[in-house]
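Two complexes, one shared chain (subunit A), two partners (subunit B, subunit C).
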Partner chain A sequence: MDSDDDFMSDASSNVDFLDDQGSDIESMDDFGDDIDVGFSQDKDIIGKTKKPYEVDHKVLSPEDIEREQNVQVNEVSSILGLPPESCAILLRYGRWNREKVIESYMDRPEKTLEDAGLGTNFEGAAKTEVIPGFMCDICCEDGDDLETYAMRCGHRFCVDCYRHYLGQKIREEGEASRIQCPGDSCHMIVDSKSLSLLVTEDLKDRYHTLLIRTYVDDKENLKWCPAPNCEYAVDCPVRQRELNRIVPTVQCGCKHNFCFGCTLNDHQPTPCALVKKWLKKCEDDSETANWISANTKECPKCHSTIEKNGGCNHMTCRKCKHEFCWMCMGLWSEHGTSWYNCSRFEEKSGSEARTDQARSRASLERYLHYYNRYANHEQSAKLDRDLYLKTEKKMTSLQSQSGLSWIEVQFLDTASQALQQCRQTLKWTYAFAYYLARNNLTEIFEDNQKDLELAVENLSEMFEKPVPELANLKVDILDKTAYCNKRRVILLSDTAENLKDGEWSFNVEW
Partner chain B sequence: MFAGKRLSKELAKMQGHLPPGITFAKSDNLEEWQMDIRVLDDNPLYQNQIYRLKFTFSQKYPIEPPEVQFISLPASHETPRPIPIHPHIYSNGIICLDLLSTAGWSPVQTVESVCMSIQSMLTANTRDERPPGDSDFVSYNKRRPRDINFQYDDDNV
Partner chain C sequence: MGSQKRIAKELAELVESPPEGIKVELANEADLYDWRVYLNGPENSPFHNGTFLVKLKFPNEYPFKPPAVNFATKIYHPNVTNDEKGSMCLGMLRPDEWKPSSRVVAVLQFARQLLAEPMPDDAVEGRIAEQYKNDRARYEEVARDWTRRYANEKA
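On to the complex of A and B.
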C-alpha cells in the first residue's frame, strides 16, 4: 500500500494516485503499521527525496503506543532489575525520560523510589487477605470474612472500599498514573498489578486508555491527532524551540493534516507564533483600536481622543480648551483670518501629527488588504468543500453521461483535493505576507504567491463547468491540477528553506 | 447509602469524647451535620469566639470528601456564630483548603480530623484579612464549594 503517496501531493504522486485507489481503501485499518514501511520503500525504490517543507513523522495507533510503552518498561526493568509494574511508575514519574530515570535510580535508589511513590520492598505477590479482628478505616466494617488489601505501604482497607476508591479516581477524576494509596498523606502510587487485582474489567479498559493518554501527553515527540474521533497519535521529532525555523505539518492516519507544533490545521508557510498573532489580531478588537487611530485625532496638547463629526476646522478641545486646526493640527492662532479652511499644509507645527495619522491609516489599509485575501481564500475553500461533497454526484453523473468508468472520473476527486490544499496554503501566505518585512527575497515569494493564485483560480473555474463539458476537459483539468500542486510545492519549498536559513525577517517580535 | 455504617460510627463517637475546642452542634439527619469549633490558644483574631461548621455528605462519602463550610448565625441569635477572618476563608464561609478537594482528600479522614485541621488552620493564622477578590467571589459565586477549582498556591497559612 502506498497511502503516503498523496501525503503532500506533488505532480508525480497524482499520476500514480489513480492506481492506488483500491488498495488504499481496504488497508485503512493497518495504516499505522504500514506508513513507516511504505515511506522507506518509497525512498529506496523511486528515490523520492524529502521536500524542504516536509517533516519526518510516524502515525501511531493506540496499540502501537501501548507496545512502545511496554518495550521501554521492559528495557528499564531488565536494566534496573525491578519489577515491570514498578518501572512503569518510575518512568511515568520521570516523564518517560529513560536516561534520567536510570541515572537517578543508580545514584540514589531509595530516594528515587520514594519520590516516585514506590516503597523499597518488592517482595510478595499482590493478593487479598482475610485478617481476623480487622476493621476497615473507611467503611468501619469488621466482619470476620472481610477481604482486605494493602500495598507495600501497609495501609490496609477492605477490598470493597479499595474498589470504590479506585473507581472514583479512574471514572470520575480521570486519574491513572498518579493514584495514591487511600491512606492519609501516604504517597504510594497504586501500581498496575494491584489495580488489576482489584477493579472490574470495564474500569481496567478505562485505566489503560488513561495511561496511554498520559504517555502521549508526557512525551514531547508525541501528539494526539486533533481530528474528532481520531485515535491515532503522531510521532514527530520537531521540538518546540525549533518552531521559529520550521512549520511541521504532519498527516495523520485519518488523513487529517495538522501542525505538530500547535495542533491547528495545516498553516504552512506561516510559523506557529505568527499564526497565533494573526488569529488573535483577526479575532479580538485590536482592530477597533486601529479604527480609532485612523478616524480620530488626538488633541495636540492633552492627547484626548477627538472624533470630528462635522463643522469647521477650528477645534477647541473640550478638556483643555486648546485651540487647534483639524486639518494641519497646528495652533489656530497661526491661522490668522483664514477661517473654515486651512491652506497652511506645509507648516511645521502640524506635520508631526499628520504623519502619525497617515501612518495608522496606512497600517489599517495594509491589514485589510491582507485580511480580505486571507478571508477570501478561507471562504472559497469552504465553497470548494461544498463542491467536493457534490463531486461524487458529479462523478456518478459523468459516468452515465459519457460512458467513462469510475476510475476514469477520479480526476475530479483529485482536482478538488488539490484545490482544497492549495487554498489552505494560499490563505496562510497572506498572513505570512502581512508580517513579512521586505527584503530582496520577498519579490520571489510574491511571484510564487501570484503564480499559485492564478493556477488555483484557473482550476477552480474549470471545476465549475457543467457536467457534460467535464469529460472533454479531463486532460486539461489533470494538467491544471498537476500545475497547481507544482506551484504549491515551489512556494512551500522556497518559504521553508528561507525560514530554516533565517533569511526571512518579520516586522513583529515573536 | 454506602456511608451509613461509617457515619453512624462517627456520630456515635461524637456523642462521647471529642478533642478540646470541638463540639458537636446538631444533625437533623445523617447527610448534614453542624460542628462548633473554637481556637484553644489566645490568638487575638479568634479569642472568645465560637464558629459553626456545616458538613454535607454525598452518597460517595467517605470516598469523596464532604462539603465543609462555615455558616453564620446572627448576633441576635442565642448562639451567635460569625465567619472567622482568615486569608483562606471567604466571607460567605467557603473554605479554600487542599484537604477538602478530591485531590487532597483521603477516605481515612473523618469529621473529627477535618475539624482539627481547620482548628489548627485558624490557630496558626496571624493575618487579619480575607482572601484576595473576596467581595467579587462572594457576590458572583453561585457554585457549590466542591465545584470550585481552588489554586492551592499558598503553603504558609
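On to the complex of A and C.
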C-alpha cells in the first residue's frame, strides 16, 4: 500500500548518500525519518527543554527492533526486486548500512550476492525433496524415502543432518546471521526461509533473538541497555567520533542511566576516554599508591620504585645499578665510609635528587587527592543507596507517626534519588578534575563542584535524621533537594558546553 | 545419528585407496572412534624418512564436530606443540570452520602438507617459527635430527 512512498523516500536518500558520501549525520537523519514511519505511536524522545548535557535518544523494545528490521528489509526488497529473505542476508552482510548495500548491489550485483553468501539464482521455493538414489554426505544414509534439502547452492543433505547442524549452530554456538551451508567450503548463508522450513519452534525463537541481537550489535546508533535482565535497546544518534565533545548519558525504559558511548554507568561530566583512563589508573594504582607513597622511594636515576626492607643506606638500584644513599638520595660515591649515618643531607647531588623525588611524590599525592574524593562519593552513594532501600520503611513509619499521607511523604523518595544522582556526578567531577589542566575556566568548575558538594552533604545530613524530626524538615529537605538538582544542572551544563566548544585543556592526550 | 556409518565409510575409503604417505588403522578393532594414522614425512622436507604417528579421535557428535588430531611422535615443527599432547592448530578443525561434510582425508592431507610447508604465522611454537623464518638451515638441521631420533621406528 505504501510501497511507492517507500520507494520514493529511499530513492532520494540513496541520492543523498551518493552526493554526500561518508556523511553519517545525513544518513542518520534519513534513518530517523524511516523509523518514525513505523514507531510514531511510541515515540518517547526525551526533550522537553533539552539541557546542554542531554542527548536525544529513544528506547526500543525487542518488538520495535524486529519491526524496524522488517521495515528496512521490505524497503530494500522493493527497491532491488529481490526476495525479502535475501535482502535480510544482504543487509546483515552489509551491517545494515542500507545505502551501501543498495549501491554495492547496483554496481556489481553478482559479486555482492556472492560475497554476502547468496547465489544469483532465486528460483524455487524452499521445500524438502525425496530423491531416489541419493546418499547424504554427512551421515552416509541412502534410504529411498530420505527427505533431503538443498539451498540454491545445490549442496543437498538429508533433513535430519541439516536440522541437527542448524540446531547445533543456533543452540550451542549462538550463531544466527552467518550460518553457512553445511557443504564443505560452501559459504552460502542459510536464509530464514530455509531455516523456518527445517527447525523446530523453540529454535526459531532463539534464532530470532539472536538475529535481533546482531542487528543491534551491527548498528552504530543502537546499544543494548547493560542493566541485568533488561531487554530494551536505546537508539541515539551520537557517534563514536563525537565522544570527545559530548558525554551521551541516556535513560533506558527500565530507568537505568548509562553512557551511550561506552555503556558504563552514567559518568557525566567526564568524557568516555578519560573515564577509561581513570578506571585503568585506579585499578592499577589506588590499592598500592598509598602504600607506595608511605614506604618507598624512587631511584634518583631511573625512577624505579624501591622499597628498603632492611640493611644499610647504601642502595644499589636493581634495575639501573645506580648507587645512592637512602637518606639523602645523593650519590653513594660521595659518601666515603659513613655507611649507617648519612650526614651529607645538604650536598648538591642529594638535594637535587630529593627535589626530583618530591616532584614525583607530589604527582602521586595529587592523584590520591582526587582518588580519595572520587572513592568517597562512590562509597557514600552506596551508603545512600542502602538508605534508599530503607527509605520506603521510613516513609511508612513517617506516615503513621505524623499523619502525613503517602503522597505527602514522597519528598523522601525524591530526596534520595537526588542524592544518588548528585553523588554519581560529583564522583566523576573528581576524575575529570584530575585530568584537567588549569585555565581560566577551572576556577568556575571548582566553584561549581564545591557548591554541589556542599549542597549534597547538607541534604545527606538532613536525610539521616531520625524519623520524628523528618516531618518538620520536609520544607527544608524539599528546598535542599531542588537546590542540589539545580547545582547539578549548572555544573553539568557548564562542563558540557565547554566540552562541546573544546574550551577545556587537559593534562593528558586522549 | 549416523556417525558410525559415516566414519566406517571414511575409514574404508582411506584403507582401500590411501592417499600418498598416509596410512590409517584403528587403534582397537572394536572402536571406530579412535584411529591411528601414520604420516610419512614428505620428500622435500626435513621430515623425510620419518614416520609420524598421529592420533585421531572422533567425538560422538562427529561429523557435526571436528575430530581431534594429535601428534604422538615428537616432532620439531612450528605448528605442533612440543609437549606430550602434540596438538596442532589447523584452521579447518576450528569449530566455526569445520563443516559436517568436511572429510578426514582432507584433514590428513592438510596435516601432511603442513610438514612440507609450515605456517609460521599460525604457529603454536613461537620459537621454532622464529627459527624457521630467520635461520632455515638450523631449523632443518634440528628437524632432521629429531626425525632421526624419534620418528625412525618403522610402523
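One rule holds for everything that comes next: the second predicted complex is superposed on the first by the 393 of 510 C-alpha atoms of A that agree within 3 Å, B and C clash if a C-alpha of one lies under 4 Å from a C-alpha of the other, contacts with A are read in each partner's own complex, and residues count from 1 in each chain.
To be clear about the criterion, contacts are C-beta pairs under 8 Å (C-beta built on N, C-alpha and C of every residue); 3 or more make two chains touch, one makes a residue touch a chain.
As the structure is a computational prediction, the values presented were derived from the model and not from experiment.
Novice: Superpose on subunit A as described above, then tell me if subunit B and subunit C fit or clash.
Specialist: clash
Novice: Which holds for A:183: it touches subunit B only (first), subunit C only (second), both, or neither?
Specialist: Both subunit B and subunit C are touched by A:183.
Novice: Please indicate which partner A:165 is in contact with in the superposed arrangement: first for subunit B, second for subunit C, both, or neither.
Specialist: It touches subunit B and subunit C both.
Novice: Go through the superposed model and pick first if A:428 touches only subunit B, second if only subunit C, both, or neither.
Specialist: It touches nothing on subunit B or subunit C.
Novice: Just subunit B (first), just subunit C (second), both, or neither: which does A:141 touch?
Specialist: A:141 contacts both subunit B and subunit C.
Novice: Please write out, lowest number first, the residues of subunit A touched by both subunit B and subunit C across the two complexes.
Specialist: 137-141, 155, 157, 161, 164-165, 168, 173, 182-186
Novice: Looking at the complex, which residues from subunit A come into contact with subunit C?
Specialist: Contacts found on subunit A: 136-141, 155, 157, 160-161, 164-165, 168, 173, 180, 182-186.
Novice: Can you name the residues of subunit C that touch subunit A in the complex?
Specialist: The contact residues of subunit C facing subunit A are 1-3, 5-6, 9, 61, 63-64, 95-96, 99-103, 106.
Novice: Could you list, by residue number, the parts of subunit A that touch subunit B in their complex?
Specialist: Per the touch definition, subunit A meets subunit B at residues 137-141, 155, 157, 161, 164-165, 168, 172-173, 182-186.
Novice: Across the complex, what residues on subunit B touch subunit A?
Specialist: 2-3, 5-6, 9, 60, 62-64, 102-103, 106-109, 113
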